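Each of the next two complexes has chain A plus one other chain: chain B in the first, chain C in the second.
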Partner chain A sequence: MNDLLFSQLSTLVAASVLLFGILLVWRRSLLAYIKVFQWQSTMLTILFAIVAYFGNDPKLYWIGVLLFFLKVIFIPRLLQRFLVQIDVEREVAPYINTATSLVLTGVMVLLAQAMTNPLIRLITLPTRNGLPFAVALIFIGLFVIITRKKAFTQVLGFLVMENGIAMLAVLGTFGIPLIVELGVFLDLLMGFLVMQVFVYQIQGTFESIDVSKLNQLRY
Partner chain B sequence: MMQTLFLLTICAYSLGALGAILGGRGQLGRSLVGALAAIGATAGLLLGLTVIFTGQSFTAFVPALLPVGGGLALRLDPLGAFFLSVIGVVAIPASLYGIAYNEIYESERGSLRLLGAMFNLFLLAMSLVTLADNVFTFLLMWEGMSLTSYFLVITESDEAETIRAGNWYIAVTHVGVAFLVAAFLMLTGNASGAFSDLRVHASNLSPLARDLVFLLTLLGFGSKAGIIPLHVWLPRAHPAAPSYVSALMSGVMIKLGIYGLLRVALDFLGGGPAWWGVLVLVVGSVSAVLGVLYALMEHDLKRLLAYHSVENIGIILMGIGAGLLFHSYGSMSLAVLGLVGGLYHTLNHASFKGLLFLGAGSVLHATGTRNMEEMGGLMKRMPWTALFFLIGAAAISALPPLNGFVSEWLVFQALLKGLNIPGIEAAIAMPLAVGMLALTSGLAAACFVKAFGITFLAMPRSHEAESARESPLLMRIGMGMLAAICVVLGPGAIAVIPLLSRILVGLGGLAEVPVSLTEGVSLQVPTSSSQIALPTLALALLLAIGSIPVILKLLRVNFRLRRSESWGCGLTELTPRMEYTATAFAEPLRRVFAELYRPSKELTIDTHPESKYFVQSIAYRSEITPWFDRMLYTPLLHLIGYIANKIRRLQSGLVHLYLLYLALALMGLIFASRWIER
Partner chain C sequence: MTNMMSYGLEIGQMLLALALAPGLVGLVRWLKARLQNRLGAPPWQPYLELRKWLAKDVVMSTNASWIFQATPYIVFGSTVTVTLLVPLIATPIAFDAVGDLLVVVYLLLLGTFFLALAGLDAGTAFGGMGASREMTIAAIAEPTIALSISGLAIGSGSTNLGQILTTTLTDPAAAISPSHFLAFAALFIVVLAETGRLPIDNPATHLELTMIHEAMILEYSGRYLALIEWASWTKFLLFLSLLANLFVPWGMATLVTLPTLALATAAWIGKLILLASAIALLETRVAKLRLFRVPELLSLSFVLALLAVTSSLVLK
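Up next, the complex of A and B:
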């Protein structure tokens, strides 16, 4: 009974995390992206709490709290300030338009399902049904990075991909050791800051954060 | 005792490198860095000699610092010890020489710190190559040796030519390493990388795998040793590097290719079928003859020496090839003879080529040019350098009683004994090789008549040559040491050859060959009728020739010394323009071998506009493009360029496209894994 509840709850929350990922593909406003990321991270925190509660693993609470502060409060705030500085509001003309993107996203979710299917049949974890969502989220993050032109959107794509990885970790293994998790957080933060600096540099050089213009650097 | 020497070697080189980085400038700094290198080399030499004399291997204790591939394992057996000693023999004089030579880098012509550090690290890496006792250590040190020597080559990086030379070097050397890695992977299999396991595993390999390993090894080590056609980096890199570095690279580093070949072919694989020996013999013969032929056409002193390195590697390989061939037929004592010839020539070439490069460096130091056509008359200005260079030139031309003669003699003897074994390969290859070696020796002598004569004799051809000065004391000491070694190793063969034959004991089942000291040295060869008598006769002949002046004196022939002008065919004044040039000296041979050289000629005659009988100027240009450049490397480079241009289209410069590649690769892998699973 308890396991069934655990399974259903975790699958539900994992699905909502994925849903916010798909929202990222749909929306165009950069401000909305930040909101989407914030909500996605919130749902991820809840997922951590669920796994911690049902899986009897108190240290996951701590990771959840850290995650909340980092991804729901700190990084979105940085992103907002970032947005003000680069003074761009919308993602215009991506390589693939919204409708096609959404169809492709659907394909990727199916693909993730197909990919994880053998694994799901093999393991007995109550959380196993959420695994395809995590993999799909990773694909979607990568997809956003590939098809969107603004460097800002790509940073968000990276963050979403990272969320997917974190979700895969918590669903697949009930969280990795705290020290590793801390390392991942630090990595994420550093990566984010470095990317921020890069975006400023790109903007300073090209007076735009349109990454597709980078091929002007080609010899 | 051995542990102390080992530690001293490591510490001295490391301190030298460290000291150079912290400040290797100024008289004191340079001296310190050079002295530490010399101390390290001395300790290495002593360690090598100890192992050779006692015949006991030395295993160094290495703390388990690196967990990969079995970590560092160091062990010095007599074969490695021989090569470690060779390093010491050249490195000590070269380090001392370098102290004075480096003065030209005090101004901003390259980083003295980098030079000093790399020099010490280079010596360290080379020493550890001979000590390596597992695959990981060997390849690590081999790569370290290649990289440090690359940095040494590009010391004068302000010249575009130097950078290009460096590129050639690093490209060839990396291709070589690729072959080596492949060979060692095949050799290792599932065994650990320890050399002792390799010996066991090698005996379980299929014949085809063994052949493949051997070919890969020959190519890999051959690219370092400089066999034709993989020698292309030698004539480019040696002139570019500082002269004492050239001495080390040419004298020692390329010999480590020989070491590797012996280690794998003889020690691990334990010898092989007859065609291995024939192949090495052929490669050696071709390298020797072509090396010396191209050397003859060079007027750049250091390039000339570099081509001679190719030639001498060829001679060494001829000895080793003969050894392998005998080994495959089971004539162990003859095998020892060939291998000893090869090894002895290794040592000798290290000493005289080191000496010659140091001499060339001395000339370069004094005149600022490597072009022989601008030299001349240096004998009067730099008598010591001239003397040492002459000794080196005589040694490399294999004139008795110097060392070059002894080892070439040994190789000759080994090849001539080829008639004693059955087998059609030997019957064809050996006599041909004898002819090739004879041709090589003759041409080498001609080449050094040119090198010495044009550089040191007659009148200076340029202002720089006229104002040349003798090099500083330390440089002369460095050259003097090597010159002394060249002289000593000639008659000293009596003592050295038994030691060399002892080194080979146990490699590929070679037993100790009884060496008895009768007239000179003779190796008792049971299968043949004769003994191999060393140059006693030749020595006697030489003494007889040397005594001619004394006899004339005794006969009271008129010996009054007269000083007067050279006879100038009636002209009142002789100018340097009337001198024989290097080009002219080599012209007859250029004609004889025109089919090989295919020189391009360009003759421009400017005449007076009024009458064509008044010639105003004549310009003559003739260039030789070596055939391997023409036939092999130019097409190869074109092909690589063509493919690279095609591949370049992938590099659109669009970040998104790169990411797409990444994603597609990921997807492809996932599906591939699913597919393989079924």
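Up next, the complex of A and C:
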């Protein structure tokens, strides 16, 4: 019964994390992207707490707390300040329009489900049913990075992809050792800060954060 | 005897749905008004509107054909039929064998289709505009409803609404499965679209640029208008009941006795009030979407419904 509850709860929360990933594809305003990311990270924290509780792994609570401070409070706040400075509000014309993007998102989730299906049949972890959602979230993050023009949105795509990787880790292995997790967080933060500097540079040079303008460098 | 009882239950739930529908819409309007710091009309205002319309004469365009006259009866009739098919307060109902979820979805679509035809029939600019918009939305919304309920149907192995409910009642763990969650999200968006609620259509205005449902029925008056509006309110109630009963079936009566039925009715009304307050809250929080964003929202719900189906297949 406990295992069943664990399985159902973790899969449900994993699905809601994915739902916010799909919402990221749908929304257009950059402020909404931050909100979506914040909610997604909150759900991810809840997932960490569920796995920590049912998997009897107290150190996961600490990782969850760390994750909460980093991804729900710190990074969104930085992003918001960032947004005020670059003064851009919307992702106007992505390479692929929203309706097609959404359909492709559906296809990517199907792909993830097809990919992880053999794995799910093989392993006996109670959290195995959430794995396709984690893989799908990685795909969606990558998709956002590829198809959106604004550098800001691409940073969000990176963060969402990182959420997907964290979810895969917690569902697949019940969390990696604390020291590795700390390394990942630090890596994420550094990567994020470096990207922020890049976006500033793009903004300073082109007076826009539209990365398609980078093509002008060829001439 | 049991036959008599179950048919009595059918008639009872039909009458109850028709009687409560105006009140539910009135409640949403009143809550919205209070949330926006307005005084608002009392929740029973729609009943007064119905009485007013029923007392008035019908004014018709000389160009209108029989479609214009038949549509109110078709819309009302198909909606009343659906009230017999959807389990509202008790779960194994007599007409479960008559129609499953596909019948329910396409009976409701029949009403929408005739409404669009009637909008075109009178030949006014607004009617045509409303009809074309409504069809744009219905074309994506209807398959999504069928798909999202199918997500649940796969879990229970039957498209029969009563069967789906019974499965969820006997296996509560299924209610927190991801396919339920995704199907609920998808169905909620579609319900907003189908009943003309806020992010898609604004039920409170006659502002020409934004209206969809109002544009189609602009030519109607008198008892025809009463029938159409009553039918669309009942549709709203039916969709909310579907949301409430399919995903949270607890509280529904499984035995037909007077105390359990009374309790089930109270639970049903409670669930409806909760959902209605959620919608009123949502409508004060969000702004109407641009018309060209609506298909995008609906394709979002279509993707969610699709995922509900595949995850119930994969995770079975």
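Here is the rule we use: the second predicted complex is superposed on the first by the 218 of 219 C-alpha atoms of A that agree within 3 Å, B and C clash if a C-alpha of one lies under 4 Å from a C-alpha of the other, contacts with A are read in each partner's own complex, and residues count from 1 in each chain.
To be clear about the criterion, contacts are C-beta pairs under 8 Å (C-beta built on N, C-alpha and C of every residue); 3 or more make two chains touch, one makes a residue touch a chain.
Being a predicted model, the structure only gives us computed values, none of them experimental.
K.L.:
For A:Gly183, is the partner it touches chain B (first), chain C (second), both, or none of the two (neither)?
P.N.:
Touch status of A:Gly183: no partner.
K.L.:
Give one of first, second, both or neither to describe whether A:Tyr95 is in contact with chain B, with chain C, with both, or with none.
P.N.:
First partner only, chain B.
K.L.:
Should A:Met115 be classified as contacting the first partner (chain B), the second (chain C), both, or neither?
P.N.:
First partner only.
K.L.:
Looking at A:Thr147, would you say it contacts chain B, chain C, both, or neither? Reply first, second, both or neither.
P.N.:
first
K.L.:
Counting touched residues of chain A, say whether chain B or chain C comes out ahead.
P.N.:
Partner touching more chain A residues in the overlay: C.
K.L.:
Kindly classify A:Val211 by the partners it touches after superposition: chain B alone (first), chain C alone (second), both, or neither?
P.N.:
Once the two structures are laid over each other on A, A:Val211 reaches chain B alone.
K.L.:
Examine A:Ala14 and indicate which partner it touches, taking first as chain B and second as chain C; both and neither are also allowed.
P.N.:
second
K.L.:
Taking the touch rule as given, give the residues of chain C at its contact with chain A in the complex, in rising order.
P.N.:
These residues of chain C touch chain A: 173, 176-178, 181-182, 185, 293, 295-297, 299-300, 302-304, 306-307, 310-311, 314-315.
K.L.:
Sort out for me which residues of chain A touch chain C in the complex.
P.N.:
Touching chain C: residues 4-5, 8-9, 11-12, 14-16, 19, 22-23, 26, 98-99, 102-103, 105-106, 109-110, 113, 117, 120, 129, 132-133 of chain A.
K.L.:
Please name which positions on chain B make contact with chain A in the complex.
P.N.:
That would be residues 651-656, 659-660, 662-663, 666-667, 670, 674, 677 of chain B.
K.L.:
Along chain A, where are the residues that touch chain B in the complex?
P.N.:
Those in contact with chain B are residues 95, 111, 115, 118, 142-143, 145-147, 149, 211-212, 214-218.
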